[in-house]
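So, here's a batch of structures to check.
You will see subunit A twice below: alongside subunit B first, and alongside subunit C after that.
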Partner chain A sequence: MHDRRADATASPIARLIEAFHRLPGIGPKSAQRLAYHVLRAPEEEARTLAAALIEVKERVRLCERCFNVSHQSPCSICLDPSRDRTVICVVEEPLDVLAIERTRGYGGLFHVLHGVISPADGVGPEDVKIAELLARLRDVDTEVHEVIVATNPNLEGEATAMYLARLLQPLGVRVTRLARGLPAGADLEYADDLTLGRAIEFRQEVR
Partner chain B sequence: MPARVPRVIKTEALVLRHRRLGDADRIVTFLTPGRGKRDAVAKGVLRPRSKLAGHLEPATRVEVVLAHGRTLDIVTQAQTLDAFGGLHEDLDRLSTAMYLAEMADRFTIEQEDTGDLYALLHAALLRITRGDGLHLVTRSFELALLDAAGFRPEWRHCIGCGAAVSAEAIAWSALGGGLVCPACRPAHPDAAALDAATLKVLRAIQDGPYEQAARIRLTPPLAAALERVMHRLVESVAERELTGQRFITEARRAGMAATAAAERDAGAAR
Partner chain C sequence: MHDRRADATASPIARLIEAFHRLPGIGPKSAQRLAYHVLRAPEEEARTLAAALIEVKERVRLCERCFNVSHQSPCSICLDPSRDRTVICVVEEPLDVLAIERTRGYGGLFHVLHGVISPADGVGPEDVKIAELLARLRDVDTEVHEVIVATNPNLEGEATAMYLARLLQPLGVRVTRLARGLPAGADLEYADDLTLGRAIEFRQEVR
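Coming up: the complex of A and B.
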């Protein structure tokens, strides 16, 4: 059987297909299409792509304050003087920062945990950046009054949020959690009991 | 001729865990009453409008329809039967439920017969939800799970010579899985002392019905001693520390610190 694994001796195109194939969500056909697209594209486009790939590995690092990925540390959000320094939004992953930023409804700071407590996967509190959050809040210069826990609304996210609430209570910081309810365009018939129950419990007046 | 694998199975199940697969899918691990532990792919559950997502959270009892796939089964329908709402109101309950699910997952092999494990886990989750003592529910589940997995600890006779062990000078070995008499103790270097009250409760939980054991009043030192024994035992069988054990301890410690701070604040206000 033909071995698809490419090594240094394989043809450059086979190596490129293999490299694309390793990316998440890219199957063998998509990998081939991408590779042939690069082959046909102007050399400049390929060089830009290659340079961007190298640059992202060389320059992007974790912000020393919020642990978001950034090309500088502290990151642009932590340095932005217009951001509200009294609120920190705690998220699981850097992609969650982008999702919240897209809403344009939040102007505070962030803290990225880089994971969530999940005993089934062997991830305990010490494996995510909880100690770093505590250090931030214990800093004498801190202005933070509220921590919004924006972990995912699943079992692991709930456990992490409740654990954070307990840890932060002695610090006198207000701990809040993102509201839970029905997503836009949802169908009540298919909603699970917990979500529907919370949606009823935290219903709001129609204005 | 081998029996034909049915194309679709409809079963009740407890969700033990899930892990991400690709951009929007998850592999969900179910514990079923008659078909053991099974993994199945739930497609598109990471999308906000997924009809399945809310029904496939760990520590939920569901009714699922699984279609037989080439490598893994595929979840085609899921409906929550019991979300154990009470679990989500308290971190101690939630962390205990996570630990029980982790144990049920670690001590079973996929598609092998899991005996009464489904009934055991279901009963334990119901007890946690209705507010039973977490120590007793956990110890009772641990002992029953070890029994079901073929690692029943011996709390009456010496694991070395089989002699009945007297109430004085009791020692036990986690590696050996039970009591050791003074004569056999040198052969078990890991053996540690065990006090009579702890042994009595271990025996009561292992041998008697849960409702009877539930009448025992567990003082904090006794509950802590039982927890130490069972954690060591579970760790020795699993050959590693279970993260859930550690999380329960951490959550409890944080809870005590929070309570102390609240009391300090209340005292200062007076």
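Coming up: the complex of A and C.
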């Protein structure tokens, strides 16, 4: 039988649907809806997205100090004179920097590992930016007193935190990690055992 | 207080996040994830999406006969000699053409209204491609015997179907609409009253 579908989705639209579909979390139906939205939207909107895509690939690189993504190196956080240079927050991915910045509760520097140690996946300490973190702390000009390990609270994140603690404490650096406990708005009755167990273990003084 | 967030999301990435966020159904978190995916993905992938966006705006237009979107006019469906020229399926949007083509159960022509009659929203018959449909049916060369009205089974879709039936039947054209009934895989117990009511009203002969 003659494939009518190929006719209906004739080339340029089909190519756009396919390009959207290749993005993570965009299924075939969403890709269709996005493509038809672009068709109806002002040309300016499509051009803006296209230009932003190209610009990101051409101008964004990793900061030579903290390895966060930025259009300049060192990045604006590393260069910002108002940031506290005595503390470095170590995160897994650039998106984690954004998440922590959103809280507006942290004013220090960052270090992006670009992964976590995960022997099961064949990722060792040399595959993430740990040597680079060590170099920052060993720098003669360093003012860093504390490293907050903000890896994810799962097996690999915890193991990476332990590894970093053993590695950095001998340098005389205080190593801390994000508090474990009940999330805001949680219902005790529905909290999972591990979370509730940690909330009891790491119970905090009422002040 | 100094806005640290603006620093962290420095320009090109922030612009890409914003451009993704402007698409329908893409929230701020999804836009971030998509932008960071693009950062990590091969440059080729970003360039392909950018090129597809531009190409769609530059090359896609409406078919002068059926008003479906296409890179050529008349579109490939209207030109396809293997399609049945005695029947036109009238749909609301170009995406509906794709949905019907996917069923592979229809081999006739299409007509895209680009909307439905909706007095509540100030959309009258003159705001959708009804005059253009009438012109196709009045054409001396027309072979059309049947118009399948495939508008959505809601208030506006039904009203538009009724309007078209009154308009087209005097031309000697058979006007049909998509069957109402239980969807495939439905559970009778959970079917809504309207659907179940229609399934009874339009009960079909067991053959």
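To be clear about the criterion, the second predicted complex is superposed on the first by the 192 of 207 C-alpha atoms of A that agree within 3 Å, B and C clash if a C-alpha of one lies under 4 Å from a C-alpha of the other, contacts with A are read in each partner's own complex, and residues count from 1 in each chain.
Just so it is clear, a contact is a pair of C-beta atoms (placed from the backbone, for glycine too) under 8 Å apart; a residue touches a chain by one contact, two chains touch by 3 or more.
Computed from a predicted model, the values in this text were never measured in an experiment.
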{"item": "Touching partner for A:120 - first (subunit B), second (subunit C), both, neither", "value": "first"}
{"item": "Dominant contact partner of subunit A by residue count, subunit C or subunit B", "value": "C"}
{"item": "Partner chain(s) touched by A:179 [first = subunit B, second = subunit C, both, neither]", "value": "neither"}
{"item": "First (subunit B), second (subunit C), both or neither touched by A:70", "value": "second"}
{"item": "A:131 touches, of subunit B and subunit C: first, second, both or neither?", "value": "neither"}
{"item": "Contacts of A:24 with subunit B and subunit C, given as first, second, both or neither", "value": "both"}
{"item": "Contacts on subunit A seen with subunit B and repeated with subunit C across the two complexes", "value": "24-25"}
{"item": "Residue ranges of subunit A touching subunit B (in the complex, touch as defined)", "value": "24-25, 117-125, 154-156, 158-159, 162-163, 165-167, 169-170, 172, 183-187, 190-195, 197"}
{"item": "Complex contact set, residues of subunit C against subunit A", "value": "1-2, 4-5, 7-13, 15-16, 18-20, 22-25, 30, 32-39, 43, 45-57, 59-60, 68-72, 75-77, 80, 82, 93-95, 97-98, 101-102, 104, 107"}
{"item": "Residues on subunit B engaged by subunit A in the complex (per definition of touch)", "value": "16-17, 19, 22-23, 48-49, 51, 53-55, 57-59, 80, 83, 85, 88, 90-91, 94-95, 98-99, 101-102, 105, 242-244, 246-247, 250-251, 254-255, 257-258, 260-262, 265"}
